[in-house]
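Take a look at the structures below.
Shared between the two complexes below is chain A, which pairs with chain B and chain C, respectively.
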Partner chain A sequence: MTARKLTLAAALVVLATLPLWLVSAFYINIATQILFWAIAAAALNVLVGYAGLVSLGHAGLFGIAGYVAALLLGAGHGHPVAILAALVATVAASATFAVLSLRSTGIGFLMITLTLGQIVWGVAYRWASLTNGDNGVNVASRPTPFGVDLSSPTSFYYATFATFLLAMAMMAVFVRSPFGASVRGTRDQATRMNTLGYHVWLIRFLAFLFSGLWTGIAGLLFVYYNEFVSPQVLALQSSAEMLLMVIAGGTATLLGPVVGAAIVVIIKNVASAYVERWNLLLGVIFVVIIIFMPEGLLPGLTRLWRTHRRTASTAIAKGSVPISEGPTR
Partner chain B sequence: MSILLILAVNSIALGGVLFLLSAGFSLIFGLMRIPNLMHGSFFMLGAYLSVSFARAGLGFWGAALLSCAAMAVIGGVIERVLLRRLAGQDLAQVLLTLAMSFIIADVCLMIWTGDPIQPPTPSGLQGAIRVFSVIFPIFRLVIVLIAVTIAIALWLLIDWTRLGAMIRAGVDDAAIARVVGIRVSRLFTLVFCLGAALAAFGGAIAGPFLSIYPGLDADMLPLALIVVILGGIGSLLGALLGSFLIGFLYNFGQAMFPDLAYVILFLPMLLVLVLRPQGLFGRTPA
Partner chain C sequence: MIALSVTGLCKSFGGLQVTSNIALSVGQGERRLIIGPNGAGKTTLFNLITGEVKPDRGTVRLFDRDITRLPPRQRAHLGLARTYQIITLFGRDTILRNVTLALLGLSPLRWNPLIRLDQRTELIEQAYAALTRVGLDHLAERPLSQTSYGERRRVEIAMALAQRPRVLLLDEPFAGLSIDERRDVQSLLAAIPTDVTIVMIEHNMDVALGFAEQITLLHFGEVIVEGARAEVVEDPRTRKVYLGG
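Moving on, here comes the complex of A and B:
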């Protein structure tokens, strides 16, 4: 465990000092993107990993936060109002999503969330008088929390980093809390949890709200980072990318989604400078991970490493939960 | 008045295309219990392939049939090589089809570039006929005719042949079908090939009507999903009626409420998913 703690501490030091040794704003911006996508992926992981509910509609929630903030700012409201309203709207939308989609689990849940995501996308794309359609909405300025100007890449990186740390802390608390345990319980043994007197639906509903809130926060960071939001970020592709981040890194692990977000963002931004076909690359990685490492890269590599060290077959026996072993009905 | 009629004709033609797309989608969904998220990609790839075959001098219909056969092979290979490895893990299978749809979309973009292609209407079917001062484009009528013919053929296949009975048994209860000696895994491959071929044929004949462009897959997949959810998973009649219903909703929605066109399209599906999850014509699983 000390090796793990050392690695974590080293990673934190690297992240905290990143702008000092990454001279180019281009790379600082990529680090910022990784961090807010990591928040979104960690939020989605609450449902996919811990609750066993695979959602393909989270880009809709992500986008609602972005659009509400951008539209309110455009209407002349201040940043605090816009941010608060965006989060309230996202949580309200999450509650609606949850009420409709939690009538089902497994494939049914996936399809209802997919439909809901498509409806939100359709509104953003077609209701041009409200959302400006495909042209998107511009945001004039970034907020200045406690008088700190966030217009430079470095200052915005630190703001994102602070939010990221808070998100990770919240996730860690969530996982260790009795509530987190009950969410995992509804994933593994829904009927038994019900028999034990737990309100399975309510537990899943609250997990959905928690997931939605952090998705919205990530969406806000996204819109302030780009100072622009368009229907593209709400599309099914975007939901799929978020899901890929969770699955690639490792579901139901704290750091898996962070690793996954890093992989996807780096492939998208850095590799696309060299390879034209990053969509193809993304698809191939997706396929390879689903088939050969269904538990994700982080647990997969840990498993390989352990097996390698012990050279015993006992380590394989205790794998983590693969994506496919979702909820039991 | 005439605008409404034109919309109606377009709606019926789109309904025909949607049926070709969603019949296979429905059968796959019914049998394998997964929504095949690359069905839109089969449609688009089939359309692109038929354009290339037609340019190679095969003629419109020859090219459409060849692209059908090619897609059947591609679909079969994907099922055998990839989906088969994940048998029993439905979520992993759905995600695999999603990933494959990215790959197919990018490959299409690589080969056929981003410019939309509008293949010419096959010779002899251009022009229009006049019935009571209403003008019907011939090709759109032909599309409907083909769709209805295929619907009847599929109905005969599913309801009146031994193979159809086996497929129906697999849809109703795969485990019991296995017990009585039906090789369900072979049915999976067969239905997957059939679904891919139908989607490709739909794409091939829809080309002159919808034109082919990157993103066609993402436009068609949700429509297939809506049709099948509305009609009921695994139900051919449901797919047929759902296709025409969505054909109308799509065209009239786009024309009359452009702002909320997608909401109008997805709302019925959401209502059905929430209120009647087995679909309008679906049977409640025993």
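Moving on, here comes the complex of A and C:
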């Protein structure tokens, strides 16, 4: 088994047993938050990392799922209807976002998605008769899939963990698939892809829908976790935080956004208890990552580790480091 | 049978007329050389044929089908492939993945998000076959970033050949190659079967003249001489605007 597989297996064991050794509900809830934000960041990474399309409007899609579910539950519908409708609405909104924003790439795409996200935020904030404005919408209960009560932090953690695993598996399949290769090709050489026979716009559109669907699923987990949704979650800051998770962790990597989500959630929820200006701390960490590991934390650490190993093996080969030398007494 | 024909093709960028009323007719299996000084509109002509640039006027026909309004991707599906003067490859991928992408472009598999690309043995075998034709099969797994300029030129050709084109447009395939590499590419092009029609832009007359049966000379976006190799080379207008002397 390779070191990479061993690390992954160890991480899975840690995540699967987390509630057993994290006795505090607070930390279990932090872990839950990391997982659903990781799903959102991984979904955004499909566009940012693999399609080369930087979106600043994904909080809008995240919030649409939350609002649709919350409003339908408030209107007396059951969880299956609310969840299904929320996902359909998110995919429909993703399609609208995609049709409008894919008229451009680069900074144009970023600005259009930012605008669309802000429009959704404006609707949530100002259409108070529907959304209850700044007061938000409460959700009375969590669903009970297959009779499993998700009201406790531990059970909700495992539900989120299962969804997270499914998301990661889907992302891994997607990335290695022919369609994933097509998406990456449109990122690297869009014109060339066109002359090779690819429908570049449609590939980007479908990638946007896939990204939107998983963003919606993360939004549902968010709303069930908080049992509440307000315009704050749709705000530009949420979109920026998602993007920060992707860039800090490492774009176009499967696990980079997970690491990025962990950094942001931990600083936001844990370090903020000790550091009043936690936003400043987050900014400093981000700047340090960008300066020393512009490719992101995970690929950056991998690069440093490989360089270290190469240097060490070169030193051994040259005989500058005695292999059998014992510890200094 | 006419494989590729162009009539009345005009294109201007702002006030600059790049191609002016170009007419070109290339028979099936023909080897056509397009020559002309820099800025004559040769690459723009290729871009107009592949659809990367839309013409202001005129038509492009591929095997008697009007493709003027078709997007580049549909032209590729009809059998039109090209290489680029400025090498345009997927720099983060391996040589094999570059050729696989070319194959995938014409395969319905490209929409499949549920299978692993590296387990599609038929695609991988076809990619290896294309790389064998250009003598790069032993470097298939090498990242493109670790390849020489000449190898990249050959990857471009391998990608075009992998698509089994009916009409192949080669934009300066010998540019920047060493003498040995030029010889390799020359024999590679000579081995392409005659069911593939080839239109080539090339400045290196030593290698290009041996390849061409028919030559078209462009100057300031217009066809000024066209005909059999010997006729065009001997034509005083060719000597005046291109060959010199």
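Everything below uses one rule, namely that the second predicted complex is superposed on the first by the 308 of 329 C-alpha atoms of A that agree within 3 Å, B and C clash if a C-alpha of one lies under 4 Å from a C-alpha of the other, contacts with A are read in each partner's own complex, and residues count from 1 in each chain.
One rule holds for everything that comes next: a contact is a pair of C-beta atoms (placed from the backbone, for glycine too) under 8 Å apart; a residue touches a chain by one contact, two chains touch by 3 or more.
Remember, it's a predicted structure, so these values are computed and weren't measured experimentally.
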Clash or fit, chain B versus chain C on superposed chain A: fit
Could you say whether A:290 touches chain B, chain C, both of them, or neither, answering first, second, both or neither? first
Touched partner set for A:247, first chain B, second chain C, both or neither: first
In the superposed arrangement, does A:181 touch chain B (first), chain C (second), both or neither? second
Figure out whether A:277 sits in contact with chain B (first) or chain C (second), or with both, or with neither. first
Between chain C and chain B, which one touches more residues of chain A when both complexes sit on the common chain A? B
Check the residue A:193 against both partner chains and state whether it touches chain B (first), chain C (second), both, or neither. second
Between chain B (first) and chain C (second), which, if any, makes contact with A:173: first, second, both or neither? second
With chain A overlaid, the minimum CA to CA distance between chain B and chain C in angstrom is 8
Which residues of chain A touch chain B in the complex? 54, 100, 103-104, 106-108, 110-112, 114-116, 118-119, 121-123, 125-130, 235-237, 240, 243-244, 247, 277, 279-280, 282-284, 286-287, 290-291, 294, 322-326
Sort out for me which residues of chain A touch chain C in the complex. 173-174, 176-182, 184-185, 188-189, 191-200, 210
Quick one: which bits of chain B touch chain A in the complex? Just the residue numbers, please. 33-35, 82, 85-86, 88-92, 94-96, 98-103, 105-107, 109-110, 218, 222, 225, 229, 258-263, 265-267, 269-270, 273-274, 277
Touching chain A in the complex: which residues of chain C? 50-52, 71-73, 75-77, 81-82, 84, 88-93, 97, 100-102, 104-107, 109-118, 120, 159, 163
